[in-house]
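What follows is chain A paired twice: with chain B in the first complex and chain C in the second.
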Partner chain A sequence: MLEIRNRATRAAPFPLAAETIGGVTIAPSPPRTRLSLRLRPLAAAGIGSVAGLVLDGPIGSTSECDGRRALRLGPDEWLLVADADEGDELAARVIGALAGTVHALVDVGHRSCGLLVSGAGAATALSAGCPLDLAPEAFPVGRATRTVLAKTEILLSHLDADTFEVECWRSYADYVRGFLLEAARGL
Partner chain B sequence: MSAQAYRLPQGGRIDRTRPLAIRFDGETYEGYAGDTVASTLLANGVHLMGRSFKYHRPRGLLSVGTDEPNALLSVDRGPGRVDPNNRAGAVEAVDGLVTGSQNRWPSLGFDIGAVNDLLSPVLVAGFYYKTFMWPRSFWDKVYEPIIRAAAGLGVAPEGPDPDRYAHRHAHCDVLIVGAGPAGLAAALAAAGSGKRVMLADEQAEPGGALLHDPRATIDGLPAQDWVAQTLAALDGHENVVILPRTTAFGYYNHNHVALVERVSDHLPLDQARDLPRERLWQVRAGEVVLATGSHERPLVFADNDRPGIMLAEGLRVLVNRYGVAPGRQVAIATVGSSAYTAAADLAAAGIRVTIVDVRLAGDCAADVAFAAQHGIEVLAGHTVVGSKGRLRVSGLVVAPLRADGSVGARRTLPCDCVGMSGRWTPAVHLFSQSRGKLAFDAERDAFLPGTHAQAERSAGACAGDYDLAACLDAGFAAGAAAAGVSEARTFQASPTRTGFQPMRVLPTDADPGRVRAFVDFQNDVTAKDLKLAVREGFHAIEHVKRYTTTGMATDQGKTSNMNALGYVAGLLDKELPTVGTTTFRPPYTPVSFGALVGPSKGALFDPVRRTPIDPWAEAHGAVFEPVSLWRRAWYFPKAGEDMHAAVARECAAVRDGVGIFDASTLGKIEVVGPDAAEFLNRMYVNGWSKLAPGKCRYGLMLKEDGFILDDGVVARLAEDRFHVTTTTGGAPRVLALMEDYLQTEWPDLDVFLTSVTEQWAVIALQGPRARDVLAPFVSDIDLGNEALPHMSVREGFVCGVPARLMRVSFTGELGYEVNVPADYGRAVWEALWEAGRELGITPYGTETMHVLRAEKGFIIVGQETDGTVTPDDVGLGGMVSKVKPDFVGKRSLARPDLVAGGRKQLVGLETEDPHERLDEGAQIVLDPSAPVPVPMLGHVTSSYFSPACGRTIALALVADGHARMGETIHVTTMAGFARATIRDTVFVDAEGVRVHARDS
Partner chain C sequence: MLLITCPHCGPRPELEFRWGGEAHVARPADPSALDDRAWSEFLFVRNNPKGLFAERWNHAHGCQRWFNALRDTHSDKFVATYPAGAPRPDIAAEDAR
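This part shows the complex of A and B:
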């Protein structure tokens, strides 16, 4: 039997404090369940949805259900996001729904971490390093895509009018946070 | 001289209620807000601003704009903020600004380097190529140091730049470059469409030429009122962004335009610090409107470079925009009509003006009549044959042109300032950068935009429209078309004086071989130099350019290219376009390194990847080393230990007790799907079908050429799920290669690849006591030797968190690699370390890891391999499957040169002196006394002191090494050669029993 003192506790990859510079607030997102789902596009179209999350929306779209989200990142790739303690349940539902269908479900919950970038200058701050057109017409709320921020790859989601979420692999978190703070200073 | 003696009593766009003072070469000069450094100096009668590049001739301002070739100043905004080669007319005056002239010693007025001017008969084009040929031995010690000392303009700053520089990407539907009349009209047309419009202009305020035009009217309004009205209208449109002080300097594919915005240089020195100094914009525009205007050409005559000789339109700018009299008595030499407007403006400001027009009286009658209305004397049909003065022009030498083309009697016009106007050159730089093809227009004697390559249109003077109304109409039409609106509009505007007579080099009565008539002011290229180049056989303009350096200075020949081209065409008796035009390349004007670098400096220079355990290592005194973008703990010195001592202690701890190592940076790829084993069969040299779930196997991967690309342990978690590990540095390229093959060669395989490098923190416990440390933290995995033998994997829990526990070893000892979700990595590490302390657990770094694996003869990809090494070369030929039908690189392994004898093979080395540590990379020879070149057998790949062996050990690639066991070879050292014996690669535990940790 494992002694309680030997149980490990979870630690975030960077400081938890939010910082506001130039009207832009950069704050860490809470830890989340993240599952990478890979599935042939035809199979996805046939199945339609899993765990209430639509799979056959356009690439870059987000589907939401009961606080869970599915971001379609490519023709055969979705990122499923849920609360940190919902991982096993969500995985079980997906595996159940996809029984008999060729797919890959891989836990990537610790691979990345998220930063919430909010405020009137949020899009402009991101534009310091992200070449995408972030205007509301071009990148509306609900859009999510893999892109770059300066020298790193990120996953960018438009959550609401003035809030974006930047996800990066955890070892890049310090760089991404530092870059965004510097960008906010330069607005 | 009294302060601002040359400031006109009224006029200009300066703010006379806000005085300021700047310093130039140690003297203080007063000016007003709105002045540039150039206008401030000229208001104080200072014309001498620099020395020329080659001959050190005294030079003053030629232009007032960014085409300036002469007045290049060093600008000092405080420690670390020194910036050379600023064009005096483009630097806004700020109170307290410190500026200085360049390229002179000891002073601007008396410059030793001016001796070059006396030597000018020998310092001709191609001088360097002709002179420094011989003797050869002089090149390194004499010629090159002298040339380097004399070369270059200005002094590069030495300290780190404390300023901040920002970057920004932007997107718009219509980007308009230039906010003169054409650009403003384009913006007006586009603004109403609601589309996103950006209007960028390099000057401090929008308006372009209208800012110095008090005569012009547009739709009944004075032009400057029209500018204000237009800007107010544009301000009312949320979809319009106006960027003053912003130069579009690069035009790339897909309407990607780079601009640099000077954000804070114009602010008072103490206010500017919190803002970025400059901002680099990268704009992706749906359509681009180029309204970049034109540059005036100088006239080419003897001694046309004295301080005080300027471009005529520049005089007009000084008078009208800055309220500065460039002189009291001005002579204006011209071949065209526009200079008459400048003359009239100068006369209106009370300056005495004489016009020298090279055109015959009959060819410029209307202009002469205009001049008469303003009381200006015109010498029509006169040429300019020289100038007088030294540090400032004092006279212009003119002579009448006779009907037969000969030159009449000289006379000198006394003057303290000369304006010259050699007609106009459209600024087609950005159009040319967009890969548009230029077309020569004989009527305008200029290259104009021809065939377009991108979604772009040119309007106004840059397209050859010099008339104000035509500029406005064309600008509006371009803006409307770019924005996709059908609205048409014509403007009523006062007429513009246009028209000219092409003239390459002004006629002279002097021996053309003896006078110096400058074509390129910044690089000191004269008409004589061009003639020499042509005479010596350089007939293509690109060759002439490189031989004479004309057009190759920082101004890229804005004022000189057309004069040079026209003159060379005349010498060759060819049509101008057949001589060609030079290619315009970015940047349009010089861009600071700071703007290009942006925030990528200091901590943001490059991402530094840190593992979850990195903070613990730092707190425990680790010394780090960079491994690709990661920083990894290198070794953990205790107080008083050097690297050697620390590594020896760490090695001993692993061999005798237990060590703990952060292996989180290993690349990890989860390969999932029913065809996963088949996919790995095709990617690796060895087979995977028979690997049972729960087992691990070392895999070796080649490129198509048969050479080793990467290696690592692969764990089979389930029939359809593998946990693949790669080298730290190889992770991205291995995943990319796998994806490439999967998507392009084998799309039929049902396999998906997911990078999980950062999902798992990896803690390696290595050493005979490793199991003792780990056991208390594992509740659901049997760690027994039978249940979990070497090269096994189990999924379970460690410290109560889900783990992938592998029994693997890169040390030759009993070992485990504990994979836990990354956020738990540090906590699990600390728990294991705490518990292991009573067993003497020792954290070790990458150096110890390298020593331990070298003692076992394990290769490191990139150290023992260099992209030319096969599995057989490193003794791993036995891994290569002979039954698999194919795998990446299989075919290449049969290539003749890969199976031929003489290949370099991996061996161990033992030096004769057990304390001699060979240099990695050192060359190996059989006989050091062999005649040079001594045949080289190979090189050392790894070399360490091995505590377990009590001596140094090395690995090396040696030709036919496997057949040379026991041979003595010689290895280069800094002192000479070291003798060493070739042996096998396994130095410790050759039987390989320790890793199995069987109870004895």
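This part shows the complex of A and C:
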């Protein structure tokens, strides 16, 4: 994959320093490899696990293995997340495991960037713009889904009790960070 | 906020969804055999009932799948949602109230 080897060094779209307001800390996630995996629904039904990651869990679930995560976003769509330098290896393992199965595996790592929102008020700050019920009973740790935050689409995952990760498209990142800081200021 | 039950993701806020017009509109098998009137009716003419209506919806900010929904256009109540390709559920308008 020529594009991956010639990967450009990217400037962060927002300040890299973590900021704490109202007990909520908003910090950029470390750079990551993000691979979008699509399978036909029939193939997805019996896919089991690929590269150690369980793919046939319920929609909205996360599977973790060796620091890598697979987020099931829909009946035929997954997002595979790994460290920035593991992209080629993870892609090769997935392609090997899915040989003979029609699939699409696309590196979307440059498209989006992540923000870690942590602290006791994290769910409350997110609820300022996210219509999902973020109570632990409705959105437990390990859940991940695409949803909306204010005027943008985000990918929200619940990492642990008080930590959420918000992934958004790069060009929206400054807006999302500003919105969350404003929301935290009002807590 | 109105909750819409996505057949894949379960109940989700209406902000995540996009409306897609009437469901179960079948494309004519042989369009070139149709006259202009029949073709324009296929393209543009839709039902607009007061009561139960089968519609296409897209979970645009979720799983991004299309599905069909039975909605009461009078009360805006979603009576049933079902995957695209499935037949319309047999629900009488009185039972949906």
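Throughout what follows, the second predicted complex is superposed on the first by the 177 of 187 C-alpha atoms of A that agree within 3 Å, B and C clash if a C-alpha of one lies under 4 Å from a C-alpha of the other, contacts with A are read in each partner's own complex, and residues count from 1 in each chain.
Operating definition for what follows: a contact is a pair of C-beta atoms (placed from the backbone, for glycine too) under 8 Å apart; a residue touches a chain by one contact, two chains touch by 3 or more.
Keep in mind that this is a model prediction, so the values were computed, not measured.
Novice: Tell me which partner A:183 touches in the superposition: chain B (first), chain C (second), both or neither.
Specialist: first
Novice: If we overlay the two complexes on their shared chain A, which of chain B and chain C does A:141 touch? Say first, second, both or neither.
Specialist: neither
Novice: Look at A:31 in the shared chain and tell me whether it touches chain B only, chain C only, both, or neither; answer first, second, both or neither.
Specialist: A:31 contacts chain B only, not chain C.
Novice: Under the stated touch criterion, which partner chain does A:54 make contact with: chain B (first), chain C (second), both, or neither?
Specialist: Neither partner.
Novice: By the touch definition at the top of the document, which applies to A:153: first (chain B), second (chain C), both, or neither?
Specialist: After superposing on A, A:153 lies in contact with chain C but is clear of chain B.
Novice: On the A-aligned overlay, A:131 touches which partner chain: chain B = first, chain C = second, or both, or neither?
Specialist: both
Novice: Does chain B (first) or chain C (second) touch A:73, or do both, or does neither?
Specialist: second
Novice: For A:11, decide between first (touching chain B), second (touching chain C), both and neither.
Specialist: Touch partner of A:11: chain B, not chain C.
Novice: Is A:111 touching anything from chain B or chain C once the two structures are fitted on A? First, second, both or neither.
Specialist: A:111: touches chain B, not chain C.
Novice: Comparing chain B against chain C, which has contacts with more of the residues in chain A?
Specialist: B
Novice: Would you tell me the residues on chain A in contact with chain B in one complex that are also in contact with chain C in the other?
Specialist: Of chain A, residues 131-132 contact chain B in one complex and chain C in the other.
Novice: For the complex, which residues does chain A have touching chain C?
Specialist: For this pair, the touching residues of chain A are 59-60, 73-75, 77, 131-132, 145-148, 153.
Novice: Under the touch definition given earlier, write down the residues of chain C that touch chain A in their complex.
Specialist: Checking each residue of chain C against chain A gives 1, 8-9, 12-13, 15-16, 61-65.
Novice: In their shared complex, at which residues does chain B touch chain A?
Specialist: For chain B paired with chain A, touching residues are 164, 166-171, 196, 275-276, 279, 282, 284, 599-600, 603-604, 606-612, 629-630, 670, 672-674, 750, 752, 754-760, 776-779, 797, 799-801, 820-824, 826-828, 831, 835.
Novice: Enumerate the contact residues on chain A facing chain B in the complex.
Specialist: On the chain A side, the touching residues are 1-3, 6-13, 31, 36, 38, 76, 102-112, 124, 127-133, 135, 138, 150-152, 169-172, 174-175, 178-179, 182-183, 185-186.
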